[in-house]
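Encoded as structure tokens, here's the structure I'll be asking about.
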Amino acid sequence: MNEQATIKRKASDYKSEVKPVWCPGCGDYHVLLALTRMLAASGTPPEDVAVISGIGCSSRIPAYTNCYGFHGVHGRALALGTGLKIARPDLTVLVMSGDGDGFSIGGNHFLHACRRNVDLTYVVMDNQVYGMTKGQPSPTTDPEWDSALAPGGTGIRPFHPLVIALASGANFVARAFSGQPNETARILHEAVMHPGFSFVQVLSPCVTFRPEQAEWKSQVHPAPVEPTDDPARAARRIMTDDGFNIGILYRGDRPVLTARATRDPAPVETLERSFAT
Amino acid sequence: MNEQATIKRKASDYKSEVKPVWCPGCGDYHVLLALTRMLAASGTPPEDVAVISGIGCSSRIPAYTNCYGFHGVHGRALALGTGLKIARPDLTVLVMSGDGDGFSIGGNHFLHACRRNVDLTYVVMDNQVYGMTKGQPSPTTDPEWDSALAPGGTGIRPFHPLVIALASGANFVARAFSGQPNETARILHEAVMHPGFSFVQVLSPCVTFRPEQAEWKSQVHPAPVEPTDDPARAARRIMTDDGFNIGILYRGDRPVLTARATRDPAPVETLERSFAT
Amino acid sequence: MGRQDDPAAFAATRGRDEDSVSLAILGSGGAGALTTGGLLLEAAARRGLYGMMTRSVGPQIRGGEAAAFLRLATRPVECMADRFDAVVAIDWRRADRFADEIALDAGSLLIGDPGKPGEGTRAGTEAPPPPALTRSGAAVVNVALSDLAATVPGGRENMVALGLAAGLIGLTAEELDGLIERRIGPKGADAVAASRAACALGLDEAGKLPRRFPLPLPADPRGQRWRITGNEATGLGAVEGGVRFAAAYPITPATEVLEWLAPALRKVGGVLVQAEDELASINMIIGASFGGVPAITATSGPGLALMIESLGLAVASEVPIVVVDVMRGGPSTGIPTKSEQSDLNIATLGCHGDAPHLVLAPLSVGDCRFTAGWAVHLAETLQCPAVLLSDQFLGQSSAVIAPPDPAVFATQRKTLPRTIEGYRRYELTQDCISPMALPGTAGGQYTADGLTHAESGLPSSKAGDHRNQLDKRQRKLLEAEYGSLWAEVEGEGDTVLLCWGSLTGAAREAAARLAAAGRPVRLVALRLIAPLKAEALAEVIGDRRVLVVEQTHSGQFLNYLRSAGLLAGAPRSLRRPGPLPIRPGEIEAAVMEWSQS
Amino acid sequence: MGRQDDPAAFAATRGRDEDSVSLAILGSGGAGALTTGGLLLEAAARRGLYGMMTRSVGPQIRGGEAAAFLRLATRPVECMADRFDAVVAIDWRRADRFADEIALDAGSLLIGDPGKPGEGTRAGTEAPPPPALTRSGAAVVNVALSDLAATVPGGRENMVALGLAAGLIGLTAEELDGLIERRIGPKGADAVAASRAACALGLDEAGKLPRRFPLPLPADPRGQRWRITGNEATGLGAVEGGVRFAAAYPITPATEVLEWLAPALRKVGGVLVQAEDELASINMIIGASFGGVPAITATSGPGLALMIESLGLAVASEVPIVVVDVMRGGPSTGIPTKSEQSDLNIATLGCHGDAPHLVLAPLSVGDCRFTAGWAVHLAETLQCPAVLLSDQFLGQSSAVIAPPDPAVFATQRKTLPRTIEGYRRYELTQDCISPMALPGTAGGQYTADGLTHAESGLPSSKAGDHRNQLDKRQRKLLEAEYGSLWAEVEGEGDTVLLCWGSLTGAAREAAARLAAAGRPVRLVALRLIAPLKAEALAEVIGDRRVLVVEQTHSGQFLNYLRSAGLLAGAPRSLRRPGPLPIRPGEIEAAVMEWSQS
């Protein structure tokens, strides 16, 4: 742990020298930018931050930061991040993944991380497609989107990650757009500062497999109302919105799960007692 | 497939001769009763019904029926049932599991089965505990419940399976109480008849590890309002109710996923064409 | 398969063991057979005897038939005996369910309440001992436990049975009184009085039995005794080894490891988290360990199967974790309540890709303490996942033993204490252990990765990087120092009894008997399964012939040894899947038979 | 490891192959190297040549450097050659990235655009061929592709490169014109004209090269040629075998199996469902197959790891399914885009408990069709899951071949046609196949179970039931009829080249060369990995010495064979993990070396 939190840091202090392998124009570049700006603003030393991810284009992000990182297996980032945060409550833990990683294969951990409400921040870079495996539909893809795996579309309605988060107990819910890195940095900052499990869906276009997402720039707009602290109201709002309102949508004060650390740990030898006859 | 649907059948025609290993007084006996009564009322021949389950006390149910059954592995019943229903749309497929099987390890399949909206019925016998492994908390257990694995309680809020179902796209959502087998049979019947994915949470007490659930009998009451077809409204209602209103809570008409069977399948040989140079 | 087909009948041809007495206590739903067994075990422990108790129950969660199998002895015992001296049945109603598991002979006693036609005894209606048991020729002794209990206000049959069983092995009224005081005391004076009176009636009845099997005092009657299960000992060893984080998803027969750890970790300043499934539990411990906190989970076959992908992640990213697999009958859901050694394949070779890791196996209930501690030590020092292969027999048996050895190591993960220039997480080092920076260490930042990576940790698909890291991860295991702990090697002879894990107790007892019979063998019991110490093993085998003993159907252990190029001669294989254990007498007979052929 | 350390350098010591020419076509992001390679392959196919193309790309999804490796031949080829005759570089900018994969010698040509300082060529700035390539001694030929392309309105460098490469191997302007007409035609007359003109410039340049490698017409120039990848052939074989249901979760390098199946199944009346994860996909196909519809999924190592628990369920509940594993570099995420054979362990021994099942491996790109069909046939008739071990090389290589053999079997699942009294799903039968009732069949109702069960299917923990079902499931595999399909056995000699799966092509080519050199060997290539036909294999090996060839780090195949008690002599092992393939010349050299020692 480090006492240098007062040192003034720049976004570039949080960027590694590794050149991203993302396609030119990929939205994830801006997520990286927002993330490093947010961290600089927070002033947390990079060594006290851990960025945990799964597998996908988006999940490449940890190595592009100058923080501790874990590029785990597909879909399990939240579980890994939860273990880390409970074991090391002193760290700032950010779990970052994609819509396939987070909502398809990782859906169960999403549900239960929301419910558990450990103090970490979950960022999903949602491009409504599996980028890394070259263009298959994800849980947020619209039903008509044509692809090799689902010719003519899946016929399956996308689901609402933000509503799922609310229904399962997330303590902070927001939507951001990677094309607005400053606003995204601000939202991420609030997410990190908010106690408990914070979930941020970042719309982050895939220029290669979803070129039509270039439109997003003109579709997004600030959320028309202030964040609520009533999950039922927030859920209803989100279920009926157009999917493009950006901002913090819910701030809760549900009880945060922390390891109930014993103030005064007993020596291990005391555990032997129960076995004596 | 069978043309005998007009034959009059009794509930006992749907029961096998196997004696359940459930504890005396377990709520699941009444779920079995409700199930067989419902099937008798439907008149569907037992050989045209498949009952699919995972692992748990509740998941023992298939072998106690006289239908085709699959007692699969823990948490995967919905996936297995989905494959069966898509491959064999002529069958009536019921997937039946417990709150551990369905909401903990099986949570991801729950999300995606709701979303996919295949025409099957999902019944979770919810006793707010892992019965089969002798009393650990499940996702629907209240945070204070004391157990060996979580002394003093988990501190984690139970989540709302019915809201999750709505948020992820289920087409029919209901709550039943095993202590009311006729009402449960009626609800199950409607669930089976309703197109698409129907989800029924059946409160089914575990007399061994949750003896306090004997109280449920006096706590349940009919849902005070008629089912809605607005998922946002249904979700808000359920998020704010007391967890004990029984009845059909949501009836939707979302598009049902069926295999887009080609009317006129081509011979396999035609597939060779694309390889010729 | 020959005689292995009916091990009970076979075992019954073996003689009685002089140093121990074996009892089965049975009853139908709610009769209290397990309580009785537990109390008897405790009484024996207080006397300074040694012992072991296993349980057998039906598929019901509650209200099903139950049996407590006890072996009480004047010397340490690590397995059950070949045969039972007596069966004490609170009632005989579902006793046939256990017939497979109870080997009897003409020297055995079948003592129990036969019930009465039409009367309200516990037996309900008349229920004599079933033919499956009587055909052994064991002497039948009818004791009207129910009638006797009814003569005491508040008296229970199982307390009468306790007295009977205690008398049978030579325990005294004073010993039982003290026990009852301690155990029943909290329920009030009336309950104590009722239990004592019922027990006394049982003791009286014991006096009338045609034979008894009194045990003398043990050699060290005042030696300290622990009563402990393998699952508890595993938890204890892990915490002693340094574990402070556990993630849990319950599964039979591993749940007790987790349920023991939950309060224990809290006491010593650690934490246990319940996960939503095994995919989460293994990733949670990887996360905790990445953060520097030694971490564990426990599961059984189906759960291990779900963890396999992420076990490979721990291998590739070099994160130490311990995964306890308390094996049960397989494949698939199999037989959750019975023991088998058939997860050897998945534990050693279950990962995709080349993923060398540690696999260890405790050799007795008590050894679960040591081997769990050693597993943590090795995992931490080698930055590698360790799978600890316990099983239902070790895990759920209640043993009365002298306090087992703890593992005492100066365990130290090779971490990066402070900034160095150009830190490379996966550096190629002399000892193949790359220093690991823990989050919070300035200048140590890196990204752990399951992708093939260069020394820096950055993804690489270069042949050289791939091979270098594969070499390193293989070599760090092969070149590590395991001392003599990799196996127990005992005795001399022209034959090696080669086994692993929980079968060691039976093999050791067989070896002792063979030595006593002038036919000594060498026992080799592997504690370190992977990496396989092939050269050392070849050396301790020498040119002896080898009998490989294991509890699998396909011979997984035999095949595993052969895959390393060992046992090129013509080893014999004594194997059987669960649920029935392989008893010492079977091993003894297999050696004797081989000698004669 | 010796010379294996630098296979490229090694291979370069091998001579050139008379019947084939090998080319690498390179370019940095967007240069179009892969398009050029594909067109060239197609032109060759139209002439009746044979060939194969593999690709290598950087980690970028788009815009990264790319290489097409081609081998074009007058006879069928199933592997890449030891060395390249020429490299055609649209630009050399990132060519060093591929140096590991491109073995050259003094007879090779390095042809490409060196760029110009400060000018706006594709190469951007000056970029001569990198030292990693030139140090081979290959002759460097500078061709200003960019300048040439600029002389044609709408002309592209990669079309000039196409003409150049085509000329290099002796294709004519007419052949190229036809090709361009067919492929570029849809883009309009202007595009066709531009491509033709650019191509013609390249052909001209080819005429000026210091050497060329013209290929004669093949023996059967008018024979039909297919252009197909292993992943496509796998899909085709599966559908021909009867599959009508697939569940999909994408993963490199298996996705194309699924993407081929999606429209194909729909055409023939079947269906593909996208699953949320691999846990779901395998359970979906178990469900479909339980319903009577033959079903498949395809994945790679990480996905197979997730399926392992339910693979055991299919074993225990005896539900036929086919799981295709297109192997990539492991462990963990490993190297997704490169080939390795290191999932042999998990595929054969990955399940918990004793869970025998089928494991098969196609022996060439074309053989994916046959072996996939056979896998469906065996799974269906034996009511057992089959794992088909393909790999990235087979799966993603584009081969030009004569139409490969389909599997033609009268596949018939042994089902229950109508009610019988007292039907028992898991009946012990003579052939160990229990008739399976399909839902809808009145009187056939049963519950499939992963718990140990009696013949009826009801849960049982009896030793007899457990053993009987374990025996049955083992025996049905061991006693099934596999004819001579279990392996390809070719040639005679005192040495056996023993391999499996995708290494067969290289081994076969090595065997041919060795025979030609008067040092004939016997090739044994296993198509059926499990159950292992150990006796038959021992027989075809006889007392020959054995060289085991495989693409793993730890020698998984060698160990697997030894675990069955085979290869008791002193087999040699030629192995290397990915990403670099083992080339025929290395195998040839290993045999030669052994002969001399």
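Here the chain labels run A, B, C and D in written order, and each chain numbers its own residues starting at 1.
Following the convention adopted for this analysis, contacts are C-beta pairs under 8 Å (C-beta built on N, C-alpha and C of every residue); 3 or more make two chains touch, one makes a residue touch a chain.
In this text the structure is predicted, and so the values were computed from the model without any measurement.
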{"item": "Centroid-based (C-alpha) most distant chain relative to chain B", "value": "D"}
{"item": "Pair joined by the larger number of C-beta contacts - A-D, B-D", "value": "B-D"}
{"item": "Whole-Å gap separating chain B and chain C, where each centre is the average of the chain's CA atoms", "value": "37"}
{"item": "Where chain C and chain D are represented by their mean Cα positions, the distance between them in whole Å", "value": "45"}
{"item": "Shared-contact residues (touching 2 or more other chains) in chain C", "value": "59, 266, 276-277, 279, 302, 309, 313, 317, 332-333, 449-451, 459"}
{"item": "Residues of chain B whose C-beta touches two or more other chains", "value": "71, 73, 75, 104-105, 107-108, 111-112, 139, 260"}
{"item": "Touching residues on chain B, where the partner in the complex is chain D", "value": "1-2, 18, 45-48, 50-52, 62-63, 66-73, 75-76, 79-88, 90-91, 108-109, 111-112, 259-262, 265-268, 270-272, 275-277"}
{"item": "Residues of chain C touching chain D in the complex", "value": "59, 100, 279, 301-302, 304-306, 308-309, 312-313, 315-317, 327, 329-338, 340, 342-343, 345-346, 348-356, 449-452, 459, 461-463, 466-467, 470-471, 474, 552-554, 556, 559-560, 562-565, 568, 576-580"}
{"item": "Sites on chain C touched by chain A in the complex", "value": "42, 45-46, 224-228, 232, 236, 239-240, 244-245, 247, 264, 266-269, 271, 273, 275-277, 279-281, 283-293, 295, 309-310, 313, 317, 400, 403, 437, 439-451, 457-459"}
{"item": "Touch list for chain C against partner chain B, complex", "value": "58-64, 248-252, 255, 258-259, 262-263, 266, 272, 274, 276-278, 302, 332-333"}
{"item": "Touching residues on chain B, where the partner in the complex is chain C", "value": "21-24, 55, 57, 71, 73-75, 104-105, 107, 130-134, 136-137, 139, 148-151, 154, 208"}
